[in-house]
Each structure stands twice: as C-alpha cells, then as structure tokens.
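Here come two complexes built around chain A, the first alongside chain B, the second alongside chain C.
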Partner chain A sequence: MEAITGKALILACSAVGAGLAMIAGIGPGIGQGFAAGKGAEAVGKQPEAQGDIIKTMLLGAAVAETTGIYGLVVALILLFANPLVGML
Partner chain B sequence: MANFVEQFMTWLLSFDKEALILGASAIGAGLAMIAGIGPGVGQGYAAGKAAESTGAHPENQKTSLMTMLVGAGVAETTGILSLVVALILMFGNPMVNQEGNAIAIAGSAIGVGLAMVAGVGAGIGCGYAAGKAAEATGFAPENQRGIMMCMLLGSAVAQTTGIFSLVIALIFMFANPIAAASVGGTPELAVVLGLSAMGAGACMIAGLGSGVGVGYAGGKAAEAVGINPESTSKSIMLMLVGSAMAQTSAIFSLVVTLILMYANPFIGVDANFLILGCSGLAAGIAMIGGLGPGIGQGYAAGKAVEGTSFNLNASNKVMVVMILGQAIAQTSSIFSLVVALILMYANPLVGLDSSFIILAASALGAGFAMIAGVGPGIGQGFAAGKASEATGMRPKLQGAVIRTMVLGQAVAQTTGIYGLVIALVLLFANPLIGLL
Partner chain C sequence: MNTEFGPKIIVEFSNGVFITETVINTWIIMAVLVVVSIILTRNMKLVPDGKQNVAEILVGVLTSLVGSSMGKDKLGFVPYMGTLMIFLVCANLWGLVGFRAPTADLNTTFALSILTFFMIHGNSIRRKGVGGWLKGTFFEPVAVMAPLNLISEVATPVSLAFRLFGNIVGGMIIMALVYNALGTILGGVLPIPIFELGIPAVLHAYFDVFAGVLQAFIFTMLTMVFVSMAMD
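This part shows the complex of A and B:
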C-alpha cells in the first residue's frame, strides 16, 4: 500500500466534507414541503386566490432554498475550486 | 513509511481476538440503547394527550387512561427489544465464540447496535397513536372498541421496521454470515466485511421513518373513528394502503442490508480494500435518506384518513391524491437506492488510478450526500397530506389542489437533487483526483 501524502489527505477529507455539506438539504426539503402543503390547503379553501397563493408559496420556498444552496456552493468549492490544497 | 491505515490495522490486530470483539460489543450495546429515544418521546406525548383529555372530560378519565396505558405498552416494545439485545451482548455474548476474523466480527457487533437504532421510529409512532386514541376515547368513550382497534392495527404495522432490525441484529449475533465469509481470508478482506457490516446496520436506520409515519397514520385513524364511527372501514382501508406505501423505503433498506450480509459484492474484487470497505459502508449510509419518505408518506396516509372522515363520498379522490403525493415523496429513497446499487455493483472508483484514500473518502462522501433526501421526503409527504385533507373537504377542487401540491413538491425536491449531483460527481467525474 502506498504512502498517503499530505495533499492526498486534504483531498480525501474534502470528499467527505463535500458529502457532509449536502446534509443541509434536509432543511429546505422539509420547509418547502410544508409550504407546498399549506399552499395546497389554501387553494382547497379559496381556489379563486390560486395565483396569489402560488406566488407567495414560491417566494417563500425560494427564501427557504438558500441554506441548501450554501451547502451546495461549499461542496462545489471543495470539489472544483479547492482552496485548501493551495495553502499547503 | 507505513501509512496510518496500515498502522491502524496493525494496532487493531495487536489485540486478542476476544478483546476486539468484546470492545466492539460494548459500543454496539450502547448504540442499541439509542432506540430508547422513541418510547420516551412517544409515551410522553401519549401521557400529555391523556392528561389533556382528562382535563376536558374528567368523567371519562378511566377509559382514556386505560387506552393510553395499552398504547404506551405497545410503544415500549422497541425499547425492550434494544435492552434485550444490549443484555445479550453484555452477559451472554455469542459473538466472541464466532469463527472468523476479529475485525469482521467486531464490525458486525457495531452493526447490531446501529440496526437497533431504527426502534426510535416505532416508539414515537406508537406513542403518537396511543395519545390520539386516548384523546378520542376521552370525547367518545362509546367508540372505544373501534378506536382501540385502529390504534393497535396502526401500532402493529409501525412495529414492522423495529422487528426487521431485531432480525438483522439476531442474525449478526447468532448466525453471522459476515464472520463466516471472513474465515480463512486475509485481514484486508476482514476490513471490507467489517465495514460492510457497519453499513448494513446503518442502512436499517431508515426504518425509523416508517415507524414514525405509520404510527401517525394509526393515530389519525383512531381519531377519525372517534369523531365519526361510520368512517371505520374506510379509515382502516386508507390507513393500511398509505402505511404500505410508507414501508417501501424500509424494504429497500432491508434488501440492501441483506445484499451486504449474504451476497457481498466486494468479496473477491481486485481493488484496494479500503475503497471496497468504504463503498460498503457508504451504500448503507446512503440508504438513511429513505428515512424521510417513510415519515412523509405516513403523514400523508394520516391526513388522507382525516380528509375522508369529513366526507366519506370523497374517499376515492382522496386516495388518488394521497398515492400520487406519496409516489413523488418516494423519489429521494429511490435516488438513495440508485447510489447504493452503483456503489455495490458498478463502482467507478475501483478502476481509477489515484491515491486510495481519496477514492475511499469519495465513496463515503457520496453516501453522506444522499442523507439530504430525508428533507424532501418529509416535506413532500407533508404536502401530500395537506392536499389529501383539502381534497376531502372540497373534492371538486381536486385538480387545482393536485397542481399546487406537485408544483410545491417539485421545488422541495431541489436539495435532494443537489445531493444526488454531488454524489454522482464524486463517483463519476471526481475532480479531486486531478488535483493530486
């Protein structure tokens, strides 16, 4: 078995880190689903307001998406623009 | 210079076989007891609901208390199963006498503990059903029979995943196929098998979701029967159909666990053992994403029961919305299954020429990324539940309700897709290899 260089160790840890970062996706998934549920409930009560309901739901869901995107950005940086190997 | 993986293995192998297995058994016993979270939460909820119900209807205190105690007794099951497993590991440890490599058997002992964690779900779910049933018998003691029936039926289905986990734990303890596969093999093979055993145990944790979800559906059915006894047959039918859907991801997990135990695809593969072992562990970790669909689909089943109880004539329309919504909520556990199958049967990492530690870590990273599927599963299930409820109240608006639900569910899927993309990048287009 070959020796593990410092660079290889950093890159290996980056792979694990990128995976762990994606766990953040749990939050937006639950939150946006809640919004979708409440949206469907509201359309059931006031179908004439469907357009406004969907607009509000999507706006709120977009805000809820942010932390999932942060996780994605960190994972992408670790994978494609890893700043850590350069510091070695 | 030997690298840390070799040093760690040499260090592990410097112990007696018995010491290694008994040490891992201690960790396994501790992990198994985590299941106690479930009965604690569930029975606390049941106690709260019974107290609330006694405040509102003091004249029905005895009926409601009795219902709560029966339900809480059922909710205790997984806690006791875990206790039994822990006591076996401590006082009658059958694993020290297993034939095979110590590392493979030690991994199995940790797998036992991980598998039993799934009991959290049945504890919470059955406790919820007990609480709802206690509440319903408080305001409608005359319907106690139907209420109890729904509670017990729902609780029995909710226990399934806890029993699956117990079976896996017993196989590891008394007829361990992982230990048998390591007999006469190299220490490297034992590491692959030991990590696969831990993956198999972790995989079973997904059953936690079905336990919570199905228990919720049972509780909602008990409530519906209390409010409207005429809805009994339709409530039970919807509860069981919805609960069957909610079991899907637990069954996916059981299949992956059994593959890792009995048909381990990594045996005999000519590649670095750490890449293979971590792929086995990662396949199990990826399946934990199925926890979300289990909870969400169970919620949808419960809300569909509630929606139907308002309007018995709408039951078909409600069921269509429930099943459609549940099918969408299944997506993330299917993503998890795909990644697990890639890791096991079409692993692109084993053929790559790079440092083994990067490839092994990439497999683990891909597994972790799939845990993101928990969120979309829960959220989409919530949407399916609310849409089912709305369809029950206003069946004429089924189309508009479905459109809103599907649109919202599509948005809720995004973060699960991000997780899948990162996992696929790590597996098939790994940019880290080029950086070395």
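This part shows the complex of A and C:
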C-alpha cells in the first residue's frame, strides 16, 4: 500500500474542514427565516408600512447572514488559499 | 478547473510593486462614474429636463434615504453615502459585463470599511468631544464592559468587509463552478457552448443583480446607522 504523504493528508483534511465550516450555514438559515416570518407578520398587521418593514427586515437579515459568511470565508480559504500546506 | 480565485496581476514593476485587476477595474468604474455625472449635470437649467431629471431623481432618492435613516441634522453625509452606494452598486454589477468585480477583493472592501470605522469614531469625537466619545463608546453601560466594547468596535469594520467580500466572491465562485459544469456536459462532443446560453442567466440575476444591489444597500445602510448611532 502506498503511504499517504503529509501534503495529501493536509489537503484531504482541509476539504473535510471546509465542509464542516459550512455547517455554519444553519444559523443564518434559521435567523433569516425568522426575520422573514416576522416581516410577513408585520406586513399583515400594518400593510401601509410595507416599505419600512422590508428595509428593516433586509438589514436584519443581512446582519444575521454575517456568521454564515464567516463560515464561507473560512471554507474558501481552506479550499483555495490553504495556509496549512505552506507550514509543512 | 481554475482554482486561482485571487485577482490577476496585470502590471508588475521591477521593485515588486504590482497593479492587479481590481485596481484597474476600480479606475474604469471611477472614470465611468465621473464622465456620467459630468454629462448628467452639464448646463443645468432652473426647470429640469431630460438628463437633468435623472440626476435630480437620484440625488433626491439618496437624500431622502440618508434623511430618513440618519436624521435630518446629518444631511451633510449625503455626498459620501450617495457616492458609496452608487460606487458599490456599479462595482457589484461589474461582474455582469464579464470583468471581475472590484468588491471580490478583500483589499477594496477593507479599504471602504476602514473609512467607515474612522468616520464612526471621528464624527463621534467631533460631536461629543474626546471625553464623551470615550464614555459613550467604551464605558457603556458600565466601565467593566470596556474590553468587550473594544472588541465589538474592532469587529464592526471586519464584519462589514467580510460580509460584502464573502457575498460577492461566493457568487463569483458559484458562477465559475456552474460555467465549468455546463461546459463539461457537452465538452468532448460538441464545441458549441449550448448550455451556457440561458441557464446561467437565472443565477446571474440572483448572485450578481439581487445580491449585488442588496449588499451595496446593506453596506451603505449599516455605515449610516453606525455613524448616526455614534453621533447621538
């Protein structure tokens, strides 16, 4: 059996790590869904304030998205600009 | 598959200084914006017509947006916030015309968010004085919170920059993957890119147009909210 080189091990583990990092996507999914649900509720109660509600909802959804984006950035770094291979 | 997702280096000088795609695209966008605004506001009349109407609508919309989210006393921020928004919309939509969006580079987004950072604290000091700034920023609600407040102040520009960068670069990579996948369906058989014709348009509408405009709006909106919060 061919021995696994250090570099191959690091690359394989980085790919797994990138996948694990994207579990962070669960949080923003729940958060944005909650924001959208509350937004729909608010529009149902006050249809005349729709513009303001949409603006506030998008702002909140974008802030909730931040943690997911951090996960995405970590995954992208692991996949495309891996700093660990250089340490070998 | 091309795994290089950093910006390409266009010119490299002998002393190691280099100019990337991002800088050149930014300069092209700046030139386009300057020329368009000169054309729109040339020989203005008291009763607007044609192109002057477009400029007036744009300025009116941005003024009312800044007025409603920062308060009527901070209308002096309209030029900066308006420029930021127009530049970011153009920069995010730049991917549609086949170039690399300048905001898909961490250097651009960090430069803009550091501007926001200095605007927050500069305007806070200008409005409340150094003592009021220290108290309002760090010692609220109690003095023990100072280290946590310091971290949250530093996290503001970082999260602003990463949010814009992550959204744009994520869309860019997904589009590159989709184009690669569509190219391989008929890759060996037919040299005509038949699948690349219509299917990516839907994804472009989401990743470039929707996410791009939304993120430009979010960045400007958060800048306005942070600056006006630091000032009152």
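What we mean here is this: the second predicted complex is superposed on the first by the 87 of 88 C-alpha atoms of A that agree within 3 Å, B and C clash if a C-alpha of one lies under 4 Å from a C-alpha of the other, contacts with A are read in each partner's own complex, and residues count from 1 in each chain.
FYI, a residue touches a chain if its C-beta (ideal position, glycine included) is under 8 Å from a C-beta of that chain, and two chains touch if they have at least 3 such contacts.
Everything numeric in this text was worked out from a predicted model, so none of it was measured.
Chemist: Based on the shared chain A superposition, would you classify chain B and chain C as clashing or fitting together?
Modeler: fit
Chemist: Measure off the angle at the C-alpha centre of chain A toward the C-alpha centres of chain B and chain C in the combined model, and quote it in steps of 10°.
Modeler: About 150 degrees between chain B and chain C, seen from chain A.
Chemist: In the superposed arrangement, does chain B or chain C reach more residues of chain A?
Modeler: Looking at chain B versus chain C, the one contacting more residues of chain A is B.
Chemist: Which partner does A:L59 contact after superposing on A: first (chain B), second (chain C), both, neither?
Modeler: Only chain C is touched by A:L59; chain B is not.
Chemist: For A:A49 in the superposed arrangement: first (chain B), second (chain C), both or neither?
Modeler: Once the two structures are laid over each other on A, A:A49 reaches no partner at all.
Chemist: Going by the contact rule set out at the top, does A:F80 touch chain B (first), chain C (second), both, or neither?
Modeler: both
Chemist: Output check: A:Y70 vs chain B and chain C. Expected answer is one of first, second, both, neither. What do you get?
Modeler: second
Chemist: On the overlay, how many Å separate the closest CA atoms of chain B and chain C?
Modeler: Once the two complexes are overlaid, chain B and chain C approach no closer than 5 Å between C-alpha atoms.
Chemist: Output the chain A positions appearing in both contact lists, the one against chain B and the one against chain C.
Modeler: In chain A, positions 58, 65, 69, 72, 76, 79-80 sit in both the chain B and chain C interfaces.
Chemist: Considering only the defined contacts, which chain C positions touch chain A in the complex?
Modeler: Touch residues, chain C against chain A: 3-6, 159, 162-163, 165-167, 169-170, 173, 214-215, 217-218, 221-222, 225.
Chemist: Going by the contact rule set out above, which residues of chain B touch chain A in the complex?
Modeler: Listed in rising order, the residues of chain B that touch chain A are 1-6, 272, 292, 296, 332, 355-358, 360-362, 364-369, 371-387, 389-391, 393-394, 397, 400-402, 404-405, 407-409, 411-416, 418-419, 422-423, 425-426, 430-433, 435-436.
Chemist: Within the complex, which stretch of chain A touches chain C?
Modeler: Residues of chain A touching chain C: 55, 58-59, 62-63, 65-66, 69-70, 72-73, 76, 79-81.
Chemist: Quick one: in the complex, what on chain A touches chain B?
Modeler: Of all residues in chain A, those touching chain B are 1-5, 7-9, 11-20, 22-41, 43-45, 47, 50, 53-54, 57-58, 61, 65, 68-69, 71-72, 75-76, 79-80, 82, 85.
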